[in-house]
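The following pair of complexes shares a single chain, subunit A, combined with subunit B in the former and subunit C in the latter.
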Partner chain A sequence: MKIGEKLSENILDKLSIDFLRNQVLKNAYGNNDTVIAGMDPRILLIWYLFFGLVPWFVSDIPFLIGCFVLVAVTTIMARVAGLVLFLFGLGVFSQTGYLLIVTLIFGGDASAIAPLLILTLKVATVSLASVTVFSGMDPDKLANGLMWYGCPERLSFSISYAYRMLPILMEEFQNILLSYRLRGNPPEHKSFIGKIKYLVYQIKIIIHSFYPLMLNTAKRSRTTVEVLEIKGYRYAAVNKNVKKIRLSCLKMSNNDLLFLAVSFLWIAVTILVSTLI
Partner chain B sequence: MNVIETKHLTYSYPGADKPTLKDVTVNIEKGDFLAIVGNNGCGKSTFCKTLNGLIPQFIGGDFKGSVKACELDTRTADVADLARKVGYVYQDFENQIIRPTVLDDASYACLNYAMTDYKERGLKALEQCGLSGKEDDFIWQLSGGQTHLLALAGAVSLQPEVLILDEPIAQLDPKHADGIYRVLKNLNENHGKTIIVIEHHTEYIADFCKHVMLLKDGELKWVLPTEEALQQVEELQECNIFPPQVTIAAHRMKRAGGLNDNTPLPVTIEKAKDLFALKDDINTSAPLIPSDNSEAVASFRNVSVSYRTVKGEPHTVFKNLNLDINKGNKIALIGSNGAGKSTMMKLLVGLLKPGTGEVLLNGKSIKNVKPEALSRQISMVYQNPEDMFIKDSIYGDISYAMEVRNVENCMERTEELLKCFRLTELKDRDGRLLSGGQMRRASLAIGVALNPGILLLDEPTANLDIATRKEIMRTLEDMKEITETVVIATHDMQLVCEWAERIIVLYNGEVVADGNRNEIFGNPDIVNKVGIRPPEIFSLGQEINKDALCYTIDEFLDKFEGRA
Partner chain C sequence: MSNTMKNSANASQKLMVFVLTMALYGLATLFTELIPKFQVGIVEFSVEYFLFIPLTLAMLFDPMSVALGAATGELVFGEIMLGQFGGLGELEKFITVTIGVYIAGRLVSNPENRKLVGIAAFGGTAIQLLLGTVVDILKVQFAIEDFEAVAGLPESVFATEGFAFANDLLFSGILFCLLPTLFLVPKLHGKIEPLLGMQPRTKETALGNIGWKAILGCVVAFAVAVGAEFLAENGMSLIDWEADWAESSTAFAIGMVVAAAVAVVIVLVMRMRTKSEPVGKDV
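Up next, the complex of A and B:
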């Protein structure tokens, strides 16, 4: 009941679209002066390949803890936006974390806890590695890095264009929601039934808002499509030189090598520790 | 040398039964600064899109005749080559920005065309457009005027010979509008660019353009030097184009016999001021509107507001704001972009809660009231009417608020509103697909549907051509009867002068002036500090006699006579 109440209050009121928009922007571009953001996207992608895959196949607890500590440090270094971390926490908890806690409370012994701990650590490590890479780097860098590894130009364009459009879409969405708020007539929500009705009403409005949102976006994109043509988007898609020029700005620095070396050393130490135990 | 040559150009859009352009033959010389004028739907934008090959290469249709841009035939030349000759800035320029940061966007086209010096070109374009120092900013940090300059820089970066701008200043306050035209002038004079603008604001044409081209229903009427062109008062007005106020004033005086028949009509204040003299027998000071003592319907009490920003400190909009809005007030809220006009409106309708202080509506604090509960007392019409259309027909949109509140006679009231705002014919159409003026009327009808005591309008005349603007101003005049208290946030000083009874001037989140039009426009300190641009006719009156305060052409003609 408490949660229901909180939710119905929150959806439109406290957790405003404005806040979301702000967090998305912060996440994508607000932290471009961190160590992680300054790194070469190619190195980070290799790094991610290791920390995104290997933990799935290893069940050694010291090793997993080592990996977890490392990615936790990189996440702090990347200064990831609060909302993303919150979602991460929620995600891990809803997947396995709550089982771990429940088992602890009801006196589960080590034999029950260990497998759950391993699973939680795996999920957490992989998620944090993703958070570091995908939210620590700005979208353009990520796009360039992917392109270097041979991903099609369209994919990398989509990534950076989506980020460019997202704030605008959210603002548009917010305005439409506001129209509903200013003209709508929500059900009375003093009683518990009323609160449930109010929640349903809010969700309905959000769904209804998509129709005008899509139409407004379609109207906007008419100009954008013509502009892409003038600005040579199609021309660039078939021209090999453009790709070369675009990727020429990728440069490896000492920081990148240092980062790789430290990660490598740390992993070596954890493996050593785990064999000693 | 001609940069543009069209011969017998006739074009119809795919599926259209009538051609949009009919047999247009025109030459545009290198180095020209040309304004294209014409009524709505006369083919101005279509004509411009034929010049860079978008028509017929990207948009099909029936294309006859020929267009040559810098010696290239637009039917056959490569789009890449054409883009390097002819740059284009759209009217809805914010959709023209592709990349998230300023320098990236300015150099985007150069990168796409595989120019190795794309960064330098982007930097140079930014410098030419007055955006130096903004290279690493994100596009959502830019103001409207800067965004437009960036769209321009994106086109300039390819260093084309010809630049086409579709209504460059429609959405800007006068300060930013001046900025854009100064940049264009510099590009034209110092960098040898040919500039073509589609423009309704004849005051700017008079100040900046060299030639004017009139299109009427897809046909080319004439291309004339600016001074001569703007003197064709009757022909222009027939096409819903309004020559500068000084020209109209002189024209009317000439017709009334007050001016010599051979005198050429002036197009700028500079040329007009020697033609008129103040009548001796007239009292110069206009009557003051008595100050009102009616009760306050909305008040701000020590209100402070700040916004979150992506980086750094929150941005403070208001600090200890105190203001009363009285019953029956017709208020114009003015101030440059970002002065806090929209924030003030959002506070009033309860969409934004003040950090400290409180907002009172009809004597009660709205702190713990949801916006939905206020909608019978106060209503707001957005600047962008598209955001108000939440149903798939105008009828549905107007009746929505009444329907969900089970208002009696909802259907009759909707029909009545449709009639009142002349929308009955359009009631089943989707609001988004209407013309600019129709959209605006529909949004006003939606705003007054619940018969609120207070109505807030955000820039009701922005983005409209002058004829449509006059129509909306008439609608607003009619609405004075319907709604008791109205607040309009606007840059449109003609609207302010003709409509408002009280003017509130915001500057950096503070109310720096509050009074009737004489108290505001007659106060040079305020006018200069805030950068208010009074209507041209007012400036002309001031230029001749400091004490003359006339806001409309009628008032001017009452007070002044032709100099013999």
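Up next, the complex of A and C:
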């Protein structure tokens, strides 16, 4: 009983807003020195296009296992934050693991395992590939890479903006939340009904704190847009010369080619193995 | 649209609304992505949506900018920042959120009318969830080849998806969409618009009823979402064909391996050279 209490306390500790903020920031800014982060975003996006799409269409188990191993290795290379990996595991389970249990309840038998294994491998490969690319890359690099491929300027602007604003927004939200808590009087939460009341109270506070947050963010977004207008953002967004200048920092190196070549070799070997079996 | 000058925001105001919604809804989805869902049996209790944020804003500002901002915010904060970008599936979510929020925003002609706000909030959520459920069922059907062959699987998918829909709508829909929207819209109406330099929406300045064009646009957008899934189905048969062909020619696979090995060696040699030369030339 005591251990259980301690465990739940520990988990609740981990889930504080500070912890979440640290994990997100670490994920976004913390690993600029990895192999993956040093690569050209265009190459990584091509790579992602393959591993994000092809596994959906193939049902060959050796090939899927090969892809999975490769993206697992790249994920380790990208040194992704722990929380993201935990969420990945949870996501894969919630997509396919529970399906297996429900299938068994509805009278399926062991024959359900093979297709579900395929589905699990597909989901896992695709999401690990995206973890590698989107979590391992610098946000600005990612935005530049997307822009090079002709994605709408809005999207790359959103990515850059999000990464810069997120720490401020989170801090502001936390401050508002704390001030509400400070002024509020939370209900007793010893009994079961009290616990439900406490939960409702917490949710209410979160919803209430969005009221000042909305007003503050409205002011801030007006300032942002006005500053952008001063710099001629909407004109620059569609101007080819501006785009050229902005993208001139992208350079392909031998490392990128090596990465592509090794991935290609690995995939070729797995195809060979799957034809031999 | 005789009163265009009065009701439609100019381009920079639309950008402001876009940025505002993106930041707020993005922040909220970030939290929901990070908070694990807990399940009791197959009943999932999750704080699925902070959908009340874009719903509220769509009733106060230009619905299209809000809808696009919300979908982009979810994509950027909730998926890309956490490295959970899911490819095709995200397109579907993007489109369903856009449609749900847009319709809810267009329905409300007067934010002071509480009944209308309530109906619109609930209806928007229901539309979004329903579209998501339809696409989800199709997705599982296409992803597992022998869908019909596996005993018990079709029933279980329909049961869980149908249940998830009802559960989401009644739990998240009322608690997290309907009630907060009813609370926030009247409170913010007339206060938040001046901060962006706009006139508050009233009966006279509303965009008018949803026309055929809007409905047609929603249908087309949903068709695109489903089309992405049908693409998956077509791809499936394509690869089946490819697998047959691959079996017949192991030689081709060997050729591929050799080619790849040669490519690796060439790149390695190039790398060695650029390292030995002080002035490396970028390829």
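Observations on the model:
Quick note on the criterion: the second predicted complex is superposed on the first by the 246 of 277 C-alpha atoms of A that agree within 3 Å, B and C clash if a C-alpha of one lies under 4 Å from a C-alpha of the other, contacts with A are read in each partner's own complex, and residues count from 1 in each chain.
In the analysis below, contacts are C-beta pairs under 8 Å (C-beta built on N, C-alpha and C of every residue); 3 or more make two chains touch, one makes a residue touch a chain.
In this text the structure is predicted, and so the values were computed from the model without any measurement.
Clash-free side-by-side placement of subunit B and subunit C is the outcome of superposition onto subunit A.
In the superposition on chain A, contact is made by A:227 with subunit B only, not with subunit C. More residues of subunit A are touched by C (comparison of subunit B with subunit C). Of the two partner chains, subunit C is the only one that A:261 touches; subunit B does not reach it.
After overlaying the two complexes on the shared chain, residue contacts for A:134 are found with subunit C alone; subunit B is out of touch.
By the touch criterion stated above, A:179 is placed in contact with subunit B alone, subunit C being left untouched.
The superposition-derived angle at subunit A (between subunit B and subunit C) is 100°, Cα centres, a multiple of 10. Touch criterion met: A:253 reaches subunit C, while subunit B stays clear of it.
With both structures placed on the common chain, the touch criterion links A:29 to subunit B but leaves subunit C unconnected. Within the superposed three-chain model, A:197 lies out of touch with both subunit B and subunit C [touch as defined at top].
In the superposition on chain A, contact is made by A:215 with both subunit B and subunit C. When the two structures are aligned on the shared chain, A:163 is found in touch with subunit B and with subunit C.
Minimum C-alpha separation, subunit B to subunit C, in the superposed model: 7 Å. Overlap of the subunit B and subunit C contact sets on subunit A: residues 28, 139, 161, 163, 211, 215, 219-221, 224, 226, 228-229.
Taken in their complex, subunit A has these residues touching subunit C: 15, 20, 23-24, 27-28, 52-53, 56-60, 80, 83-84, 87-88, 90-91, 94, 98-99, 102-109, 111-112, 115-116, 118-119, 122, 126-127, 130-136, 139, 142, 154-155, 158-159, 161-163, 165-166, 169-170, 173, 203, 207, 210-211, 213-215, 217-222, 224-226, 228-229, 234, 251-255, 257-258, 261-262, 264-265, 267-269, 271-272, 274-276. Subunit C contributes residues 11-12, 15-20, 22-24, 26-28, 30-31, 33-37, 39, 42, 47, 50, 52-53, 56-57, 72-73, 76-77, 79-88, 140, 143-146, 150-153, 155-157, 159-160, 175-176, 179-180, 183-184, 187-188, 191-192, 195-197, 232, 235-236, 238-240, 243, 246-247, 249-250, 253-254, 256-257, 259-261, 263-264, 266-268, 270-271, 274, 282-283 to its touches with subunit A in the complex.
Across the complex, subunit A is touched by residues 52, 54, 58-59, 79-80, 83, 88, 90, 92, 94-100, 104, 108-109, 111-114, 116, 118, 138-140, 154, 308-311, 349, 351, 370-372, 375, 379-380, 382, 384, 386-390, 392, 400-401, 404-405, 430, 432, 446, 449-450 of subunit B. Against subunit B, in their complex, subunit A makes its touches with residues 18-19, 22, 25-26, 28-30, 139-140, 160-161, 163-164, 167-168, 172, 175-176, 178-186, 208-209, 211-212, 215-216, 219-221, 223-224, 226-233, 235-236, 239, 241-242, 245-246.
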